[in-house]
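Below are structures written as structure tokens.
Look at the two complexes coming up: subunit A is in both, with subunit B in one and subunit C in the other.
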Partner chain A sequence: MPARSARPGFVLDVDRSTPPTLFWHGEQYHLERLPAGSRVVYPPEALPALEHPDAAIRHALLNPLGDSQPLPSLLRAGMRLTICFDDISLPLPPMRRPDVRQRVIEAVLDMAAEAGVDDVVLIAALALHRRMTEQELRHALGDRVYDAFAPQGLLTQLDAEDPESMLHLGTTDAGEDVEISKRAATSDLIVYVNINLVAMDGGHKSVATGLASYRSLRHHHNVRTMQHSRSFMDQHRSELHSSNWRMGRHIAACGIKIFQIETTLNSNTFPEQFAFLQRREWEWTARDRATFLGVSKSLDRTPARLARSIFQSIRSPHQMQSVQAGEVEAVHEVTTRNVYRQQLVEVQGQSDILTMGLPYICPYNVNSIMNPILVACLGLGYFFNLYRGKPLVREGGVVIMRHPTPWAFHPVHHPSYIDFFEQVLAETTDPLEIESKFEEGFATDPWYVHLYRTSYAYHGVHPFYMWYWCAHALQHLGGVILVGGDPKAVRRMGFKPASTMRDALEMAEDVVGRDPSITHMHTPPLLIADVK
Partner chain B sequence: MKGLLFERSLPRFAAARVASTVAPGGGSRVGPLRLAQLEEPPLPGPGWQRVRPRLAGICGSDLATVDGRSSRYFEPIVSFPFVPGHEVVGELDDGSRVVLEPVLACAARGIDPPCASCAASTNGNCERIAFGHLEPGLQTGYCADTGGGWSEALVAHESQLHAVPADMADEDAVMVEPMACAVHAVQSTEVGEGATVVVLGAGTLGLCTIAALRRLALPGVVIAGAKHPDQRRLATDLGADIVVEPDQVHRAVRRHTASLAAGRQLTGGADVVVDCVGNQTSLAEALSIVRPRGTVVLVGMPGPVLVDLAPLWQREVRLAGSYAYRHQTFPTAFEVVHAAALGRLVSALYPLDRYREAIDHAAHAGRRGAVKIAFDLRKGTSAAPWRMG
Partner chain C sequence: MRVPRLPARFPYGAPTWPRGVPRPRAEGRTGVNYDTSWARRYPVRLVRAAVLDGVTRPLVHAVASPTMEGLDRLEAMTGPAIFAANHASHIDTPLLLTALPERIRHRTAIAAAADTFFDKEWKAALSAFGIGAIPIERVRVSPQSTRLGSELIKDGWNLVIFPEGGRSPDGWGRSHRAGAAYLAQRTGAPVVPVHLDGTRRIQKKGAKGIRPSSTRVSFGQPLHPDDGEDTRTFAARVERAIAVLADEEAVGFWQARRRASAGTTPTLVGPAAPRWRRTWALGEGKRRTGGPRRWPRTSRS
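Coming up: the complex of A and B.
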């Protein structure tokens, strides 16, 4: 029997017969009965995976897009080759072995070996993210790659605070400093291996952000850029995109050659035992319902720490849906089309209230704790911005998020977040004021620099960037309500706590008026709302 | 007259100590303190006057005494039975109001020539507090001969009295003695211009210290650790620049001083740390956040503590005590109390009859949004159990 083709995303109008809707709630989930007349936006089903991923990768490397020669033609003995790859923040959740990066890098290394290239260095493109552990690197690259390069010091992680390892390449026409990894900039070829989970990943952002220093990043990781990116997922209306493109073209103009490899994944996000998370509620089987009940009841009795550890151990069955390689912009154009094909859902008009259930993971808490700043960033920075055209919620509307939002931080991964939360947000939640008053102090704090370079800490400025991601939403919205969160932590961020969804909807009416229109984003799996 | 009497009774000491481990202030119910009908203390000699307390505060050292948690160090320098209470604004027989300077130094004890400390006007350090014609007692409120503020009358030597300005409310005046302790701490510590000063604790002493620092020294940044929301509000209001919860002090100091950290120890740190808590945790915290060659000042009354002094030794930290004051400290204390309107820190007043409630309130002051709890002994007033802070 032929496999059923993937159904597109769609918008459900809730009526009295609609079963309750699943909301993520950190390491738990709840069923909520939304008022009749509400809309629920469902993501498209997972697209078919590439049947022979390794062959597809080889095909992409041999048949590049845009003005690029096939990879083997770019490789020669005696050259300096630098292979850069996305870090632990992608994909989400981490995928089952073999990771896409391992498949691609092994293919690239095979070709490099065939061409007699000896000078090969791998760089994890951390930018200002935390360093990856050996276990995480092995997971992403495979043991064979790790064991071949790490012992010789040829598997490196970007240290954007080491002046000796960074190179300033001048400024763009707009006066933006471009400073990237010296090893990459002085190589004959950079091969960048991407996992493009959402539309803003990849393109010139790979090198211009992933290999860049604070000096460079501050030109686009700022409040103004975030407020003028509407949204990050729409290249034509994203100032973040524009700035990265200016930098990318400047890098190209400096004579630096980049061979871009981008991969997209289908939305097969959760393993079989959590399959109900990807099904529409009215299609749940008896087994799905039983699993939901069993898992929910178990999680209710599971200590938070254990629940976190269980969820963080999930390895996603993501499958590669496309791979393309060659010149950066040509590659990214095709990649974006593929991401849209998997994630885009057409939605008619905005609503007064947007609800969302926030899961246990975001790009910055893999194997870590989802602290309150990351909760805000996931909801208001990422989910809110998963739109093309207009936000799902009208200007002055309200976002209601569901997440336990504990006042908890990972002391090794997020030390500057603790200070940001305790000291900066205690004084103000205004992104502009925070930027002008506190950013530089945190960015240059020698302790945070030390921990970023030698431990596994996000850079001192990173919590600021998380807050800036929220800037567009904070400017757009009339209110933010968090259901089921630690009230003290929620209030610290300037949001309103609510015990139940019903309470939250009543509170939202004080802002948007009676009988509001409501839209719920049923994600993850991820979707991008194409709001007409 | 009515008064609260503290008697020597070992079983009751023990009971108080046990009760206080269950709930601070619990010693008032089972300990050696009781409400009694007492004879007014006789005037010990010329130069002595009778003082009728109007308001008498409950201090942290009083609570430690009531709960049987005071250091045994004090045993030879107190005499039983005594009436507690050393934060006193009272009235003389002529109707004028005075604030009591409770230290019972050479002048009060009839010792002439005075000891070296009293000769140098540092009467807080008097070397004769267990000698002379009075029973031992480092202060009024710990001496069997003088009575204390938690009663309707005490006796005080003229060297112990400071006139209260006519326009000063009793609530302000009762804050003068604790403020004098804070003034003395600030004046006896080298606080350089622009220095980073940390104040641990935001009870009465901590808040008074913040107010004194802002008016008598030129610190750059004052960082305060305060446990309760009302304390944090008051600390900010009185001049602290960064106010955080106690478990956030370490990070706040590290951030502000751009210090690194080696384990729990900051490599740099604050120039001065004023410990207004005085327990093992606060002293250890102070040593971990003070810079090399910086100063830790103990203002809160400590007891026996177990603290690792290795950082003090290796970083050449100066650890200084700050007790009481000089006689000349009081005029300044009056000024600071007036300028900072510190009468607002008096949160609740109780009649003597309700002493157990008063002590319980004082023992939980921070948690209950209060700062200073006092007894109201004024005739014709009915003490309200709660005042706006």
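Coming up: the complex of A and C.
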């Protein structure tokens, strides 16, 4: 237990006595002095972790929520059991060993072994993400699980482009195709192991998205759905959520049994060496300041590639804060409450300008490069949507992001991103036009399909989805400014480049008028602004 | 002369604390829990007295050129007292301490804000040794502070308290808190009202350096709480007494007494008006002392 209880998040009103504020800047960070009168939204401190996580997992499996029997009662000899788990995109940064998935899956396998279940298959729920490497799988599942299942081909990764391994389950009332993994759909029981980093994760989205094909995903991964999800973190106002729920209920109606396990993590995001990243600036100790200066000055002289590999090697000290299991909707309700408990910060009113420093990592560049499209997606798709109620910035306002935004792509992980950036964005940045003119071609391109299935590439349609994530923000905002980015790359995306935060604020005044109100999101660690 | 302030800027130096964020209550050995008894042991007092008389006093005289008034009012005092003064500058404490008669000076403790002077061990030790400070809570009358203050007075120590709870942000005073009045009622010690004038010119709140200027220290008549007088009323009487001392400086003793009798003594808190009007009003009725003359003297031209 920590020495004192975790303090809630809060909103700081900047005045002359406020020290400069930390802004992430990719694999670097900077201190910026915000104008007096600005607001800074700080995330809550990390909640206490579960003292005995393994016991808590076992307790959750034996005491399920909702209309579900305890897991041992659902297991029997001769049954087909499929255990699905979240892929490399969660958690962020990847957590220290043992990963939550390893703990939970080992507990599930213990019970399956006790019940004499022989037919067990593990599936990494990739959807259209890239496949995980052996090292990544070992990290997520632990060596015991990997060595027991992988050599026999029982540890698989979803191949959404293999017609033989997918099963069409019909359509929802809204006419949405539901197509998921055949192995999962034909199992007696699916156990899905989630890591719920944000409120959007989990629930029916786990199976309906994680195990689905393009044919199914395109019904909610489209511009209209994204523009009508306000925000993704607010289930009651998210069209993405509604669509997934329709699909999830359809899957249940088809007789497919799901035992959902959801875990939440506390926001203890960075290791002790980088403790200053999750401290409030005025509480920085001499050691924090020395670390900041040492790391910052060293990074100034470090080649980008080396800096990237240093940051990508960070293993987060995330700790499990809660675990619940049972029927999907009942479980997800409790999980969402726990996520909100860790991340929600009440904020009064919107502002003209929202500033954010973007870190080196997002769900789609773990052990990879944060290309310009992912920068846009992290800022406008994820951070902008970290709200409940109203966006932090008013309609017609400006978002100022800080990130180096290099014109750089990982050729193995993101091949279709390169063409999307070079060809599609060169022609238009309008998500609706992009969707109607280009999506189909990229989604069905045989080369991208081949790379997705056999290499470690994201699906051909994935960069489109990243751009659609930004659709709500692009529709809402009057302008987007990127500070410190490669001007060519920034302009390609239709944003304005600025060299300094001061320049950016002056540029923003051209859009929102003089003396604008400014709010800065001091994240990560993550927060959800509950805007009143 | 402008003495530059050396501390480096954040992150090379320590960060400033945002005004809107309350400081966490000090825990452990610092803050109100800091034990200052070692600083009142005889050998430490001896060293402090030597430093106070040999170093601090000459420095204060060089920087603040103090004029003392009303010291005669202290002569009749035999027991310990509580000195309650207005507060505009960090220079107030050494100025008042060195202005006190010797018999009082070396047996005086300063009530200092625990969140500022006792938040770190080295600062706490320096404050306790240098000025004989004891920690008190700025925002409330805490049992610990009250107990310590009472014990000191009963032991024959005088106490300096700034009842405004902190330095003036704009030159005007702030409403008094009841700590000094409460201690006086609890211990029976009198409260001596003290008005310090001109210290803001030397170093106002937030200023980066010090600028030598002349100052004036006025001691008022020691006040005792009346029978049945409640703490708030007594605190208000002390506040009025300091306002009268300030008025004496502006309009002279007699006019100030007449205005005090008529209840028309200007308050120290200034008008409830926009900031510029408060600043404007601050200059009214003040004698120009020190500082550069704007026009040459005609007799020399």
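Just a few scattered comments:
Methods note: the second predicted complex is superposed on the first by the 530 of 532 C-alpha atoms of A that agree within 3 Å, B and C clash if a C-alpha of one lies under 4 Å from a C-alpha of the other, contacts with A are read in each partner's own complex, and residues count from 1 in each chain.
One rule holds in what follows: a contact is a pair of C-beta atoms (placed from the backbone, for glycine too) under 8 Å apart; a residue touches a chain by one contact, two chains touch by 3 or more.
All figures in this text were calculated on a predicted structure; none of them were measured in a lab.
Partners subunit B and subunit C fit side by side in the overlay (superposition on subunit A). Shared-chain residue A:P19: touches subunit C; no touch with subunit B. With both structures placed on the common chain, the touch criterion links A:F292 to subunit C but leaves subunit B unconnected.
The wider contact with subunit A, measured as residues touched, comes from C rather than the other of subunit B and subunit C. In the superposition on chain A, A:W245 makes contact with neither subunit B nor subunit C.
Looking at the shared chain after the overlay, A:Y382 reaches neither subunit B nor subunit C. In the superposition on chain A, A:D445 makes contact with subunit B only, not with subunit C. Of the two partner chains, subunit B is the only one that A:D419 touches; subunit C does not reach it. Remark: in the superposition on chain A the angle formed at subunit A by the CA centres of subunit B and subunit C amounts to 110 degrees, rounded in steps of 10.
Smallest inter-chain Cα distance, subunit B versus subunit C, after superposition on the shared chain: 44 Å.
Residues of subunit A that lie in the contact sets of both subunit B and subunit C are absent, per the superposition on chain A. Residues 10-12, 14-21 of subunit C are the ones touching subunit A in the complex. Across the complex, subunit B is touched by residues 418-419, 422-423, 426, 441, 445-447, 450 of subunit A. The touching residues of subunit A, when paired with subunit C in their complex, are 12-15, 17-20, 31, 281-284, 286, 289, 292-293.
Residue ranges of subunit B in contact with subunit A, taken from their complex: 242, 244-245, 248, 251-252, 254-255, 258-261.
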